[in-house]
Structures are given as C-alpha cells and as structure tokens.
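Note that subunit A is present in both complexes that follow, paired respectively with subunit B and with subunit C.
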Partner chain A sequence: EMCIRDSINAEYGDQIMLKPRVLTQVLKQTTSHGVKCSLVMDPDGSILAAAGEDTSNSKIIAAIGSNIWKSYELHKPGSLNFLLIDCLQGKVVMGKVSKLLVCVYGDDKVEAGMLKAKVAALTEYLEEPLKQMVWK
Partner chain B sequence: MKKKVLLMGKSGCGKTSMRSIIFANYIARDTMRLGATIDVEHSHVRFLGNLVLNLWDCGGQEAFMENYFSSQREHIFRNVEVLIYVFDIESKELQKDLRYYRNCLEAIIHNSKEAKVFCLLHKMDLLALDQREQIFKQRETELKQISIPLKITCFRTSIWDETLYKAWSSIVYSLIPNVKLLESHLDKFCQIVEADEVVLFERSTFLVISHATHKPHRDIHRFEKISNIIKQFKLSCSKSQAQFQSMEVRNSNFAAFIDVFTANTYVMVIMSDPTIQSAATLLNIAVARNHFTKFIQKNNAMNL
Partner chain C sequence: QEQKAELQVFLNRFLTRVSGLQAVYLSDRDGTTITFASKNDSEQENLSFVYAVAAEQASTLRLGKNHSITSFYNDQIIVHLNLLPLVVTFVGDQNLNVGLLSSFYADLESALKSLRDSVSKLENESGDQ
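Right, the complex of A and B next:
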C-alpha cells in the first residue's frame, strides 16, 4: 500500500533528522477515497506534516484531537491505540506511532473502517523510521 | 585562547563608539556620550565562548600616538592577530592620517608580520550618497598601495547602518579556527531541513559567523542588516525587562526561525516552502543543536 522511494529520516552526524517533504509525500498516499486530510502531530497537537485537499481545519482538528487523546491517556496511560471521533460533518480517526499521533479525517460519506485502515497502515509504515528519532 | 586585536586610528575617528556598539550593547545614539579614550583601553571581550578578543582601543590623541611608536612600540605591536585601523572619512588632515597609518604598518611588519590588517573608512554617513562609492574606491586603492607588502582589506562603515556589522563580521570570521569545517556541517543541515538559508550568529554580538545558502537571495547585504535588526530588537527587549530568546517570523513568502543554538551561538533558519510545518523545522533545529553541541565538545578548538 505504501510506496515511497526516499527515506523519512536523514543522518546528521550521529543524530537523525526528519525530512518533512518526504513525510508529507507518505501522508499524501492516504488521501484518497474521501479522506480530506492526513496529519502527523506531536502530543501537544503541533502538526509536523499534513497532506490532503482540505487542510484548512487541520490546526483546529489537531488541537482538539490531541487534547481528547491526552485526556484518555491520563485516565489509563499507554492503553489507547485508536480513537474514533464521530462528528456531525465527518469522522476523525487517530492512532499513535512512536511518541507522535497520526490523524486521518474525512467527510460523512467516508466509512470509519476505511479511516482506521489508513491510520493503521500509516502507523505501521512510520513506526520504524520515527522510532530512530529522539523525541524530547 | 587569547587573540590580540588592535583598534587604532586618530582621536575622534569613532573607535570606542564602534567597540561599544558591537561588544557592549550600546545603540548608535548611546555613543554620543562617550568621551576621549585616555591611553590604551583594554577590554577582554569574550567571543565565541573561549575565544578572548584582547581588544586594545588605543586612544588616538597625538600624545598617545607618539608614545605607541616609540617607548611602547613592542608592547603594543607584538603578538597581534588583527590590526583594525579606522579612518574618519571626513578628516581634513589626510596626509597626517596616512603618516600615522604607515607608522603602524611598519611596527606591525617588524613585530607581527603575520597579522591581518583591516582598514575601516568610517563615518560614511557624513558623505553625500552619490559620492560614497567613488570616494571609498579612491581611498581603498590608495591604502592598498601604501600597505604593500601587506595585503589589507578595506570596508566602509557607519554606526548608523548595517555596514558596521558587515566589517566586524568579516574581521571576526577571520579569527575563527576551523571555520570551513563548521560551514560544511551547516551546509548539510540546510540541505536536510530543505531550508533556503541557515545563518549562525555569535550570541552576544550577533555578528554572523557562518552561513549556508541553498537558495540565492538578491540582497547581498541581508546578513548585516539582520544582525543589526536582531541586535536592536534584543536590546529593546532587555530594556523592557524581557529576555529575548527565540522567535518565528512568518509571511506569505517565508518563515524565519531564530533561536538559541549552542552556548555561544544563535541560529536562523529560513524556509520558503509553506507546506513544511513549523513543528518539523523546530524539531530538526533541536536535532542540529544536539549535533553541534557534541561536535564542539569534541573539537575544543572551535570555541563555539
């Protein structure tokens, strides 16, 4: 499903850096079948990369989504794997990868299962490269 | 590591004002209250951490100048890394100025022949705009001729614009050990992050130490302008009891990230791709910060 030639990471001395454009390319691959936007964000809701035809609400959705995730995390740390948020005008599905959050959202015509499949594919693909990075 | 830098020139040509603005956080207006320097004012300016610029601001009044070339000659002119000679562009005693300059050069040739010589043609703001280039070129040719066999570099400067920063950045750049190595690391950083440009500043003076450019920019004076602007901003922040640490400036064309980098440097990263998010750039700056800090610890000689 995922096919990217370039690596998300780049070596810099003995450190690993993120290549933002490549990450965006990866996200772009999921923006089909009614998906409005795919994002990767840090736990505070700051977007690291975003792709999709409609990214106008991405900041808001990232902020709210990460907040909801955090609340559940506080309740029982480490237990949350996926979050599905059913809204009036669409659906949001979130997952986690390394210390980051993945978020895919679409309009109300998209099925939740489809969104979840995309999130799962993303988290699986990004797990290895993102694990190598050091997060503060 | 101590490096001796001589700052010389006739009385009233602007040496102490320059020094105050670059190293002591004066703004141009503050320099109006400086009086004449008596004899030699030594300042040990901490620059790039362990590098100590041993700045000898030699009072330019005639009595002192005579002294420097006679009894104090060796004391002053030995072990000099850099000689900065300042000329007041409006001086009515050109021949006398050149005579003193020649005396300095002679003393340098005899005591520190490896020293780098920089000539600053100062107070350029007092000349009419259309005359500046011509007069500067004229003086530069003359000075280069007089200075043979020494190779000198001339700058035109004024405390009222960014030309002061340009001159001092170049001077300080010539003092940094391993600067090429530093530049190659900065270049790789610029490439990975996909930045237009990455600039490294010295932390307290905001003089540009190094830069990597991947997208050429039409304003060749942008570095000194930015040094000037950020320094002024930093000073105005501290006057309001706020410590400037970092900022992100965005418009429709670019985003600029200015942040503390290592113990003695600041970094500025320019991104013009609007699809790259701030958080990603900040993340990579943090990675680069780690890398540079480790790199510096290994290479103590870099003093960054």
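Right, the complex of A and C next:
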C-alpha cells in the first residue's frame, strides 16, 4: 500500500517508489494528545514527510535532531535505537527505520514514554515498506 | 578531597537505588571527569563531551532550554543531565529504569548547586583573564 511498482524503467528493473501521501497519513495517526508533529527524514535532516499541527518548527527540529543523532551514533555505530531530547517546553524522540529517521515531538505535557512508544510503533510499521525502497 | 569523597558517596547511592544503573559520572563541559561512581570501579566512555555541544544545539529547537538527553543503544542506555557547566551522566544496561532516575533530578541539582556555582565562577574568572 505504501509503495508502487514501476516496471517501465529498464535501468532499475522493478523500481519501488514511495507514496508520500500515504506516509503522511500514517504519521498523522500519531499526532494526538500533545504531539505537535511527526516526521520521517533522511540522516542529513531532509524531511520526506511530516504531519501535525506544528510543522513550522519541523525543519529546525529535523536538521538539529539529525545532527545530534549522528553525534550519539558515533559512540556505537548501528546500535543507537532511540534518542530522547527533553527540553523545558517540549520533548523530541527519534528512532531509526531502514536508512531513515523517524521523529516525533510534543509539548512539555506529553510524557516521554508515550512519545517513545509512538516512535517505536512507527518504526515497526514502516520498517518493511521502507526496506523495499531503492536507495542510491 | 573531602568534598570529592562526599560526592562519591552521594553518587554511589544511585547505584544501589536504581536498577540497571552501572555508573554515574560528574564532569565539566569539556568531558573531563571530576568524579565518578561505578559498579566495577573502572571508568568507561560516557560521552559527556558530546552532550555539552548537543545540549547547546538542543536549546535552539524552540522548545526551551535542554534538560537532558537519553540515548538508547542495543545493550546500553546513557542519560545526560544538564547542570552546565557540569554534566551528570548515568550509564546503565538495557534494563535501566530511566523513569526512576528522573525522579532524582531535583535532589541532584540541589546537591550540586555549590559545586556548579564554583565551577561557573572559575570559568568566568578564567574568561576575564
């Protein structure tokens, strides 16, 4: 459901592509009860899809969040599963899925455990579809 | 030396109270360890030097000042607590009770206030020179 097959491209064979609208709909299911925004981004902080009431801050959070993720991942490459950034007025939780990062952030009233559970659910759900994508 | 010994006793208490906790480090913003308490008495990598930079970056997320960063690895959990110019690092296994740890933050902040003020003062004085 998340991907379409394009069998016309002879160079790549059956090319798997992403349906951004479907991905956004999946992310939207996590944006409730204080969650401001959920997004999927590449390791450099470029956003692939975002959903939520506060997407205005998403570019900054994606850029800085991915940078902080990289710093912590150097400690044990490939072993970092989640990162919780707790600030006075909000929390950010990040997780990895395939070669991408999932990020969910909310206000200070959201419990960290809830954000982590949502990220864990997203990463589990998106792992198989995103694994099928062609990465160049 | 006396203060260092008192600090170590204080940090050691966390090791007995929090399940999954293996070590507690107190360092400055450059990652230099001031003192630590560890279940196996050896000092291991704690990433406190990474945290000081990460905390400053995290404080620009428009979510207010950064309070802590917790990193969950396959076999380890590391919690960094912002008491800049001091950094407190908790290193535990994958069963570390992060929630219980967070309940001690206020006590930790209060206990380290005088040391924190002293380090700040030293930094300001060396900055003036």
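The rule is simple: the second predicted complex is superposed on the first by the 123 of 136 C-alpha atoms of A that agree within 3 Å, B and C clash if a C-alpha of one lies under 4 Å from a C-alpha of the other, contacts with A are read in each partner's own complex, and residues count from 1 in each chain.
To be clear about the criterion, a contact is a pair of C-beta atoms (placed from the backbone, for glycine too) under 8 Å apart; a residue touches a chain by one contact, two chains touch by 3 or more.
If you're wondering where the values come from, they're calculated on a predicted model, not measured in any experiment.
Student: Quick check on the superposed pair: does A:24 touch subunit B, subunit C, both, or neither? Answer first, second, both or neither.
Tutor: first
Student: Could you tell me if A:125 is touching subunit B, subunit C, both of them or neither one (first, second, both, neither)?
Tutor: Neither subunit B nor subunit C is touched by A:125.
Student: Identify the partner contact of A:105: answer first if only subunit B is touched, second if only subunit C is, both if each is, neither if none is.
Tutor: second
Student: Look at A:57 in the shared chain and tell me whether it touches subunit B only, subunit C only, both, or neither; answer first, second, both or neither.
Tutor: second
Student: A:85 contacts which: subunit B (first), subunit C (second), both, neither?
Tutor: second
Student: Who does A:76 touch here: subunit B (first), subunit C (second), both, or neither?
Tutor: Only subunit C is touched by A:76; subunit B is not.
Student: Where does A:67 make contact in the superposed view: on subunit B (first), on subunit C (second), on both, or on neither?
Tutor: The second partner, subunit C, only.
Student: Which touches a greater number of subunit A residues, subunit B or subunit C?
Tutor: C
Student: Applying the document's definition of touch, where does A:113 land relative to subunit B and subunit C: first, second, both, or neither?
Tutor: In the superposition, A:113 contacts subunit C only.
Student: Just which bits of subunit A does subunit B share with subunit C as contact spots?
Tutor: Touching subunit B and subunit C on subunit A: no residues.
Student: Over in the complex, which subunit A residues touch subunit B? Could you list them?
Tutor: Listed in rising order, the residues are 10, 12-21, 23-24, 41-42, 46-50, 133-134, 136.
Student: Tell me, which parts of subunit C touch subunit A in their complex?
Tutor: Residues of subunit C touching subunit A: 45, 47, 50, 53-54, 57-76, 78, 98-99.
Student: So in the complex, the part of subunit A that touches subunit C is made up of which residues?
Tutor: Result: residues 57, 60-61, 64-65, 67-68, 71-72, 74-76, 79-92, 105, 108, 112-113 of subunit A touch subunit C.
Student: If we count contacts the way the header does, which residues on subunit B are in touch with subunit A in the complex?
Tutor: Those in contact with subunit A are residues 185, 188-189, 192-194, 273, 275-281, 283-284, 286-288, 290-291, 294-295.
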